[in-house]
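Next up: the structures, one after another.
One chain, chain A, links the two complexes that follow: it is found with chain B in the first and with chain C in the second.
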Partner chain A sequence: MTDQVLPEKVETTDVDSAIAYLKDKFPSAVSDDTRDGYSGVIVDKNKLVDVARAIRDELGYNYLSSATAVDYHTLGEPDSDMEMVYHAYPITGGGALVFKAQTPRDNPEIPSLVNVWPGADFQEREAYDLMGIRFPGHPNLKRILMWEGFLGHPLRKDWKEAYYEEDHKPFSSRWPSGNVWRAEEKNAYGKNVRYPDDFDLSRLNDVSEESLYEGLGLGVDVQAIEGTMHTDRLVVNMGPHHPSTHGVFRMVITLDGETIDTLEPVMGYLHRNHEKIGERNTYLHNMPFTDRLDYLSSMGNNLGYALAVEQLMALGPRWNPPSYRAEVIRVLMAELTRIVNHLWSIGFLLNDLGAFFTPMLYANNEREKILDFFEGVAGSRLMCNYVRFGGVFQDIPERIHSVQNMVNDRVRDFDSMKFLTELVSERLPRFLDEYEYYLSENEIIKARCINVGVLPPDEAVGYSAAGPLLRGSGIPYDVRRADPYSIYPELDFDIPVGERGDIYDRYTVRIREMRESLRILRQLLPRLEATKGESVAGTNAHTPRVPVGESYGRVENPKGELGFYVVSAGDAKGTQNPWRYHVRAPSFINLTPLGRMSHKQKVADVVTVLGSIDIVLGETDR
Partner chain B sequence: MADLNLNELHDTEFPLPEQMHGNVAITSLSKLYNWSRRSSMWPLLFGLACCAIEMIGTAASRFDFSRFGMEVMRATPRQSDLMIVSGTVTKKMVVPIVRLYNQMPEPKYVMAMGACASGGGPFKEGYNVVSGIDKYLPVDVYVPGCPPTPQALLHGLITLQKKIDGQSLANLDDVPWYGVGPSEPTPIPILGPDIIDPRQMDTIRRQAELAALGQPIGLRALPDVPVYKPKPKKAVAAAAVVEEVVVDEEDAARVMELRQAALARKRAYDASKS
Partner chain C sequence: MYGKGIMRGLSVTLKHFFQTYVDDLRYGWRKYSPKEDNFEMRQGMAAQGAFTVQYPDEKLAVPERFRFVPFLVVNEDDHPEAPGKDWCTSCGICAKVCPPQCIWIVRSEDPNTGRPIPEPEAFFIDIDICMNCGFCAEFCPFDAIKMDHDYELASYDRTTSHIHDKDHLSKPTSYWNRIAPTRAAEEAEARGGWEHIDVIKERKKAEKAAAKAAKK
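Presenting the complex of A and B:
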């Protein structure tokens, strides 16, 4: 499918000399991005594939972290007002080489990079779906989040949804003097729908079996397979309602006997238009929305988004970086989140393996303890909405008071430091030991996991896999080390990696990561004690001044690298709304190799392979 | 199964010797039937979004909704009584949801869990979001929250049990599934250029005609907002009174007429009843 991704020897160059090298090699095709607040280079789209190959092979920026489109409608020049932004990193660690390709928005076309980085596959399909950019050379260019036949490309700036009110919040209808109508009332159908003027109702009643698979490009004739008894090939539809797909995810599998031939992931069943809504929202509005991306690790999402916006805010006036205590608390929460998430995902992996709910219930018990802490600190168990620009929402209170902790109508509360200390130095390590004792050497688990769903390291990099999926394949890439943020540089922890790149490795990587998180947490406790009383609120957390520019903030979330690409465009004071707001979702991109990993596996293994990737649909579909 | 508490079932004025209360219960069929139904509500194992995490949390050992009879979650709609719509309903997903609902056997109940399922929630304005599952399916209980805490979900489930307790076998409105013939399936929405509710075909056609005439499609003109303005009380009104009386006379006559008519109607109605 792709040529060799990891060439023999590459000298990793720093970003500046890499850019100089590119300009030297492609003098006519590469130029600096000179816009205010922007970085990287602009590449002539006709040369894009060559330049990308050079970036990957000659410069060693072989990990394509993110590829996304921006619509500069009314802002840019008419012949180049849509662009693709690529962030490439060296897999050995270091900063990003940002390169962009521009195209006119009335006929947007940019060559596909799938042959250079197969990880661009889904991201280009997303850009096609939501922005309408076509990618010549893409093997399978079709909509990914919306359905085939949907009207228009919703992330374009001039595309308006049925409940459209204004471009930016706060809507004037909501101000004190405004008259608020429910959005339904303004719509003729009383619903969130809008149809084109020349709408042909006559060809809508297709409820046949084939229509279910129409537009998937399976390359199989469903009718033929169903109509004949002579072949063993079979199309199996799993999901979107299926207990093992971890949400509303759908896979259409072609089977040869019991062996998987092709697997076509179908997503978008939870596409909640996070990015469109995010571009209408103010910067602050978006914080609680990020909770709902990966709803198991809301604190981590908050942090990633805050980092992206803070990068921009730091360029403007009146910016104070977060206090040391705020950083400690952020890391504390991020690591607790990692444990929460891994407990859940391992529990569900075992569920998929057939250990129906027993390990899950034990893991969940421990998770609930941490949620109690979250509730005491942030006020909510799941959707914490805790991090603010330049700090956090509030300090850890003296006593943890969790309403969920009700015993005989009495809410118990705990001394927060004592609670935390006991949790990280006794309760959780003990639990992990016990858990591992029962599970890690279990014969069934080993038989079903070892050498199943293997992803070799070079392919893992090429597919832009992230998190335990990447590390399970033996690549020690962790944003906390490779491109450190917050106070991670001063903390002492290891990065667990696997050897074979199979399901079992991903399982052990998660277990060991939890142990590493506990190690980090134990280092944080004395820092918490030492910084008692320091202020944790950001200086202008609620009225962020965000100057013009772009930024890409990324964190190592439990599921992998979570990135936020934010473009701010506005007057000198800085606007309250991002122009472009894109989420590089690890759950989404990690699904790219799913078909590859399931190929020639047994059908029963596909749920375990999926479980070992650990997706959450809120983030996959956004 | 919840413990059989005979005292709970015992409901009639029929005299029963005190010492037999623990052994014999005399009850109505409705009550026995509702009691057994509501004590074994099997939810559909079906999670949509973030709220599903709290639903699983509620099912897990700490909150444990099997205490209330939601013993098993079934992955197939054919064995479940209750659909907990736990999360954001997108246009793409509402098609399978309606399908699943149609596949559930009667009696079936729907619970909208969380802000999203109840009315669109934080994502309401999104182009792929349905503003509440009640646009497509009849909802029995709404549980507010984003996400609702396990307690809130438990409260919703208990509320549903109360609702079931109130249903009477004697009233076909309460238990329509005992009526004649199979119940009508909910029409399955179609994914066109936007989601299409087959029940709205006529409206869509009408709107298409309007569009052909060059009138804006989709938007409906809103009536002017009635703005409350308190009437200024003025002392000078005394002068105006003279004029107003003239107008009032006509008005009063009209009002009187209306009243008479209404009275006549009421009398006729009463007469027909007795």
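Presenting the complex of A and C:
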């Protein structure tokens, strides 16, 4: 589309001159981050809001991709050993301006950036919840993933979980004298929960849940509100056990009649402290764990994590970048994943609209074919665990074939390249044509989707929305183009965008993205043929040496920008574990504008708005 | 015309409805026969209609690389020299690369000298914790631990039967050669024979020594 609406155009400057500008404008507050392997600037926290405004308005870095906290306990200076790290990008494309604010660990406090970037809302709440940093100026600073009455801040380095065994894997109890025991035998259930001293357990049974409903305006005298009809304000809890929330997700909705007044997402029911697990793991251990984030697009998660660690490994000696064939296979898998994910999300969007399971199953029929391919190549349909640092697990096999054994009584056998060619050049395009014929002009879909859940473009950028949600609002921002990785620069594809920013636009963006993915896949097939026989193996070390530094690897996952912020403390002889491992989860951050999009909509539309964001709770709650 | 989109949608649904029966007519009688090409047709690119696999009576074939809870490779029971010997040398690499740390190994020690013997005394895998990632098989330098194809491991009591010990885990080399012939052949070629890599090394050493002795 040609008439794309962009927020007010600001001339963006490249990162170096942007930093020079900041240092010039705020000489006492901004200084270079001079630590080994680090980039960007350190900003005095008292000036943070002013500097952030300048970064957004004067320098044009108006998209806050990620905001996260790091605890440098025992590693940093005592008066500044906690740190917030922000990654801002120009929405027109280009590299990141990284800025950090430091605060002492015993009294951590950093001013909130919610007024500059509303997208910082959930991310700051997460940092408060898991790290205990307070954000003065935040309108609703309370726990987001953990529950009220939880003791401590679990991502802090000195916090230990139930069933804690050792700081780092591999655990010494496993070998050479690994006499097996179960964790729960040594720490029985019932003794693994701790509460704060002043916490009253009966608060958990508080049916009114006053603390949760605070700030929702429930005490308002409705009779006094001006208007033609006086309706009572009603609180409705949708979820956590509601089929349309795509998992265990809860929305607290206040209704004025049947119109939604406020909506507050409540999450964390599937929280497992993925990031803490990641910091106990070695770098390689984390690879299969990333599968479990957005379990519908595990290949994309693998790729994002591999990119982040590879950035760090590239700083060290003896680093071999992935071969060309490995890159081709990575992109092949990433694009197939995009199709898998969009088929699923459109199917479920239709489910949410009431077209119960027929469109879903038609889409699944095709999805199965791609999963068959994943299974044949990676060994698993969903939890692929396929990408390795500097390569991939194994090359695509000549034939995807099964052999008769005692479990499987049937045999199947086909040529993998022929299978793939037929899939991307005939089967999937034919299916997409039919699917669009089937759905796109349907009057019910149009009536339910057009002009519902509108997110204007400038707000989409402000809320740090990503993926089809952002592009549906007319912003042509795609990491594959804006900050290219792998072999995307040499591939020919378009970035589909919407016009109105409503649910229907998100639907069409997804359909058209699948067509673009097919276009990319068709370009990859000759490249696969040409590079046949090239090695695709990654580094063969199971505990690769990762130099000191920080890195932020991001990929355009089907659901939006997936980023991994990894800090390596790089102990040459000791443990080889990431010091900090943070996931910028698109499913999580895309929920920030949910309340805004649902305002003044009907209850039934909330389900569709949520469906159009396309969340996976494994990634939202982490 | 209002309602046109709905009519179009219904026509697609109707088409799918009939296609299922077209496929059934084409392959239908073979669906109930044990003929082996049935699944290939119904699961391949040519399949059109919906198709239900009658699990557990019917099972989809899993490809060679399919991975589920690992097993240990041991020699055949009728092996001429070392029947039933473990390929595992208890080096502990699988326990180190295991992301959820579900592998427990007790290394054997010589009772007299106290020095380690390259054979595990005990080997446990907690299948409740195993995440089927396949790292143990990927990084094992002795091809001694492999991912299985047997995915039906559910049982009624997890506390008594979900920690698999060495007896439970051990499967003969012929099993691995059968479920993954391509991979097994590649590995054998890399090792230089179908035997355990240490056996091949020993044999090569002996041959070299014999050749040297013959020269003299």
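Methods note: the second predicted complex is superposed on the first by the 553 of 622 C-alpha atoms of A that agree within 3 Å, B and C clash if a C-alpha of one lies under 4 Å from a C-alpha of the other, contacts with A are read in each partner's own complex, and residues count from 1 in each chain.
One rule holds for everything that comes next: a contact is a pair of C-beta atoms (placed from the backbone, for glycine too) under 8 Å apart; a residue touches a chain by one contact, two chains touch by 3 or more.
Please read all numbers here as calculations on a predicted model, not as lab measurements.
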{"item": "Contacts of A:V403 with chain B and chain C, given as first, second, both or neither", "value": "both"}
{"item": "Touched partner set for A:N365, first chain B, second chain C, both or neither", "value": "both"}
{"item": "Which of chain B and chain C A:P111 touches, first, second, both or neither", "value": "neither"}
{"item": "First, second, both or neither for A:F150, with chain B first and chain C second", "value": "first"}
{"item": "Touched partner set for A:P196, first chain B, second chain C, both or neither", "value": "first"}
{"item": "Touched partner set for A:M383, first chain B, second chain C, both or neither", "value": "both"}
{"item": "Which of chain B and chain C A:P468 touches, first, second, both or neither", "value": "neither"}
{"item": "Which superposed partner A:R427 touches (first chain B, second chain C, both, neither)", "value": "second"}
{"item": "Contacts of A:Y269 with chain B and chain C, given as first, second, both or neither", "value": "first"}
{"item": "On chain A, the residue positions that both chain B and chain C contact, one per complex", "value": "179, 288-289, 361, 365, 383, 403, 406"}
{"item": "Partner chain A, residues of chain C touching it in the complex", "value": "2-6, 8-9, 12-13, 16, 34, 36, 38-40, 43-45, 50, 58-67, 90, 92-93, 95-99, 101, 103-107, 116, 122, 124, 126, 131-135, 138-139, 147, 149-152, 159, 163, 178-182"}
{"item": "Residue ranges of chain B in contact with chain A within the complex", "value": "45-50, 52-54, 56-57, 60-62, 75, 87-88, 90-93, 96, 100, 120, 122-131, 135, 146-147, 149-151, 188, 190-197, 200-201, 203-205, 207-208, 211-212, 217-220, 222, 225"}
{"item": "Residues of chain A defined as touching chain C within the complex", "value": "169-171, 173-180, 182, 281, 284-289, 358, 361-362, 365, 369, 372, 375-380, 383, 385, 393-394, 397-398, 400-403, 405-414, 419, 422-423, 426-427, 434, 437-446, 542-543"}
{"item": "Residues of chain A touching chain B in the complex", "value": "145-147, 149-151, 154, 161-165, 179, 181, 183-197, 199, 201, 204-205, 207, 240-243, 247-248, 268-274, 276-277, 280, 288-289, 292, 295-296, 360-361, 364-365, 368, 381-383, 403-404, 406, 617-618"}
